[in-house]
């Protein structure tokens, strides 16, 4: 067949292979999705367009599509949260929400909890301070931002939890499709911040979940 | 001769030509400096190394060298402040101070006042809030920052004065000698921020001074 | 809800939050627009496509769409000009006009006056000299240019007002979608020029308006 | 003074401010170092050249210089390990070792344990497999690599701990001073990998330590 | 006419000119294809869209379209394999398969044999080891990978055959449409690896075939 | 030997091979220089450092070193101007003069005349208009500029002669060692402008000379 | 109106303003086209799409559309060739022909002659040598090439006429939409080559025509 | 110790580990060199500076330093050529010779023969044709070029052997330290060309040697 699903991954890494939907046909996604459901796994697919999602949801009972984050999630019987700890997902602008959603559904798939803090960009920083106590209660933080990508630096300086910064492609002109946010985050003057690829909500959610298990 | 000094510039633009010292010999700087002093101008030279500065100071009474900002300033008799307004110069890290100094001496040369706010980067943002009332009293703000260049966005969201952002070359790796700070500032989500070239304290000081005269 | 409108911004910065229409649905724009109208504000939305604009204009009496600059403006009762000062908006080529329009409507929204000088690129520089007296009467200048972005340098050398340079994405090949114009403007040999992001007419109009209030 | 040490940082973030030695004089480093020692902190300085280090070691009893990682560390009385957990530091080539050392001393400063795995690049992958059992016993992993930066992907696929990838500037030509390693790591096909700036051993050690405390 | 087919190429280089279909109309492709068939050649066209392919297949008996690799191949009477040697085509992800197919059909066109090893990326490296014995039996290897492009380094360290690395445009964000994979492969720490352009399966297949004839 | 001097070049191209001094030892330059003198040629060497130049001048009577443009020129007996036409060499800033000199000596070597117009950058454009009549008398124009590289656009719009634009590496920060000037010139909105590599005074002088012979 | 046609340009530069059709509506192009026809000019418009062209041709008798180069040309009564000299237009691949056509129609508009040499790329260099005698008869040469852009270097080394190199956007992957061809041409080791922007056939044709008039 | 020499490499890959001297001390190089000599290997070290080389040559009898290519080679007793086949090493300019030398010594180390063709760049292409018969007798070709990097395309179109292209850092300005030559070679329109990193003579020599063994 066209794909070799890495069936041992849960054993090796603590979570089964996740389907990357970009560039796959509805048929291919469905095929792999069913294979993983059949094996008894929690199944997650990311970057799934609405049409493919509809097809999968029709055929797989229990599959849920998030149209903002474009994820498909199937939780098997017996799914339960693995810990009391929680991940804060902070989002600079309303346009960054889809990336935050990809992170959040990934966290859910991996059996963890998240709290959302949306639309609190640095240009109106009182919005951040209004929620800083709740933010400080989180065990790991994901900070999603486009434009100049300054939010992880500000948050990173206010908390003692590890911060995962997610640059987004939201911006124009000299934003270079997210490169500016990415470079900004890599050069943060705050300590305790690590970075993932542009728009990679999945990667942030995955890594944050692993950190809860350390 | 090697240079055509633009003697009409004060008439046309309100300030005489400024000497850009980079790549000029001590001899060349001295020659132009004296010519401008002789014409009765306030004389400013930027990017002057210590040796050239020593030479000029020896020969031109009243010339003052700032070794941090690497500027030479000569104020003619009758020099006085042109207005009560003032420019705030905010600086993210201690390594950014030389660029701030270039801006400050330029402001002084143009006959204006400045107030300095140093080492208040976003990773310890309480330092900014501790001074925000003083900052809000300024008529124009210059914000100097290297690394991720986030400070102008935060300041820009807290004040109603125009902000001039100056990216610096302070950083390493993916900082790309200041390109990251520059891109960050150009993509600020705050309104009212304009940007000058990397390490261009002179340009910021000059533009800020013009704004005081609007 | 999806957005946290920064209602204190007028208080903090002298102008209410402006709606950035790119990537928002007609519904979202309408929702925020109405909220701001209801609060009694001057309301400005930028980057609004024709369809969304039509929807808003149908529902909000007094909202005006500028199809060139793609802005929506609503002026509340009692709107009036804040000062006699004025901003000159200079434009290099006919294709740069939409960016100039975005700046002009922003200026109007903020309660200021502008004068337009269109299609006077440096390749036919007599067109600039034909209008230089009118240009010199302006208190702040915005210069919009694509291609090699040379116009701000020429204008900057002829006036004593602060100049805000706006690079545009008009060009092809090695123009790199505006990066060339941007780099050119950041490296201007004229003094008194600051720069905003590519195609950012809004930012230029906003900063120019703040400068009138210094 | 030239610097505003962020004295509240330990309280806010769990660790005092770290001195970034690059671009600071021996005098400045010494001044801040003593201030922090005096306050009773563990004191860490990075990017310290041999001369400055010698000066500090002469004046501050107990300060230790690591000439490979170019760090200065002072551990106050009562310093002790905070947990039984440990961080694995894996290094691709012998030239990457200084960056690994910066990470390791940072870990030590923060009160944690590390295990080193050096010179096990992917071109001789049996060297990695020979140590994989020891690697799997670590709670967090730091993977340091230059050249094509492939090692974090391979390691990331073999373990269930979070991985922090550190690109280095080791390479030539199309390596672009580390940009290639950085881009490679940001695009890893392994899950659970986050990235820091080029040569930023400090950032990796700091974040890894925070993860141990989640 | 619009094209000067290089009819002497087989004589000079051992294989006739290959038609590069991108940007050519169905009519143009058909015209050149027929000309080459008429001359008695093996005819290969790459980057052919489905419509053009259909047209050619309708008019040229024996022409075969590969819809994955988007190649058209016509083998003249008397076509036969030129040697017992064989080329291994290794592919990191399922999305890279079209590039691998372009290489494979090129190899077939040139009269050589290939063996395919698909979907064995480095994040699940046991899949590579499971096939390493078969891979070692190949005389030349082509390794196709997108994302971080690490596979050629790992393979290159395990075999003694020459390796041709083919970066693909599969990835997003900081992948820069394949530039990341390309840079990664050019900086491989394995010896014996050479590189072709992004997505250039044709070039890899062609060069690999020449190597079999050394 | 280490070099194959292309002795037929004068026959083929109208001028003998020019020695590119960068990266050659004094010995190598001397060797080739003498070979060409011996053959009776006009001999030109560019990018020659002062030491090598001294060596050559000591041994070859008639060789002249220009320390600004760093060229060595030897004119054989019988050297004479080939035409009455002349090339204007316009230079934006005093720091660009060395590049202009390289062009001028090349023109002289090829048997043509030049007129210099120095230090007339666009920020003080009256300096250009003061000389425009003389400039219009030239048959071909070379325009040398660093920073934003705007001068060729302005000149190109005022004349009917072909213009060769030479970007220089004079600038800092976002000037990217000349890339900004280069991009600017390639995107000129004036017609009739062609471009050479950064700091390539030689190439400009050579091409301008060929144009005089059309 | 939206445009200020530069009516003095013929007087100043020897040829009237050329209409740049990209981003202009059929209506705008028609309006300016008619204005220029009415003034008695030769009228040239470039980058004109088929629909706009049809509209102009319907309304302006004598206007001719070239669908390959996408140019519109109107020659007034009394149009005639200005000289016996001629320009050679050499083209590397069949896909580069549209750019060559833009150059050729520009040459025709300006009253000059051209000779075409198509599809003679360096990979089959005998095709170039087969025509070198005809090429050497040209007074100026335009060389159009995509991919690695090597042709101008080879041609430049074989002729004594000035060469204008035109990089095209034909290529893929690391071709970066023409940047590779452009960089290659700017770094040519041949003397006498100048360069224009990517795909700028117009600029090459215009400059070549000016050279014929030197 | 600091290094884990990959002692099994000869067994796995047919040649022992090669010492990459850049960034290693004389002491480190000497240590590894002796270890490999002791094991009875052919020993090759690249990027070795003159001082380290002197040290090694003093202590290891039989070690030979090539000051152009900066390689150290030790051939054990019993060293002999492995085949009659030979590799042609073609070099565009005299400044590219050190890279060619690195390739040649690597070939010798691996037990193969090479023939050198120096200083035959494309600007004087008759020099290439003068040697084409000898070049065609080679079984594999290495083509080394800086500047526009055109030579591999021309050679690639004239031969049927596989070509390895080596871009060099020889050039200036828009050459970007070799990136231009690299991009050019990756986009060659000739078939049968693969590419290695900038200045990577070692990689080319190594791969070429492997190809002789296919």
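By written order: A, B, C, D, E, F, G and H. Residues from 1 in each chain.
Convention: a contact is a pair of C-beta atoms (placed from the backbone, for glycine too) under 8 Å apart; a residue touches a chain by one contact, two chains touch by 3 or more.
Not measured: the values here are computed from a predicted model.
*Asks:* Compare the contact pairs of G-H with each of B-F, B-C or D-E and report the one sharing over half of them by residue number.
*Replies:* When the residue numbers line up for over half the pairs, the pair is D-E.
*Asks:* Using the stated contact rule, I'd like to know whether B-C or F-H comes out ahead in C-beta pair count.
*Replies:* The comparison resolves to B-C.
*Asks:* How many angstrom lie between the CA centroids of subunit C and subunit F, rounded to a whole number?
*Replies:* It comes to 43 Å between the two C-alpha centres.
*Asks:* With centres defined as the mean C-alpha position, give me the subunit C-subunit G separation in Å.
*Replies:* So the centre of subunit C lies 36 Å away from the centre of subunit G.
*Asks:* Taking the mean of the CA coordinates per chain, how far is subunit A from subunit H in Å?
*Replies:* Using C-alpha averages as centres, the distance is 46 Å.
*Asks:* Compute the distance, rounded to whole Å, between the mean C-alpha positions of subunit B and subunit E.
*Replies:* 57
*Asks:* Residues of subunit C that contact two or more other chains, please.
*Replies:* Those would be 123-124, 157-158, 173-175, 179, 182, 186-187, 191, 197.
*Asks:* State the interface residues of subunit B toward subunit C in the complex, per the touch definition above.
*Replies:* Where subunit B meets subunit C, its residues are 12-15, 18, 85, 139-140, 157-162, 164, 182, 186-187, 191-197, 203-204, 206-207, 210-214.
*Asks:* Can you list the subunit G residues touching subunit E in their complex?
*Replies:* 94-95, 97, 118-120, 123-124, 126-127, 170, 172-175
*Asks:* For the complex, which residues does subunit F have touching subunit C?
*Replies:* 92-93, 121-125, 147-150, 153-154, 156-158, 171, 173-176, 179-181, 183-191
*Asks:* Per the contact definition, I'd like the list of subunit E residues that touch subunit G in the complex.
*Replies:* 2-4, 6, 8-9, 17, 22-24, 28, 167, 169, 177-179, 182, 197-200
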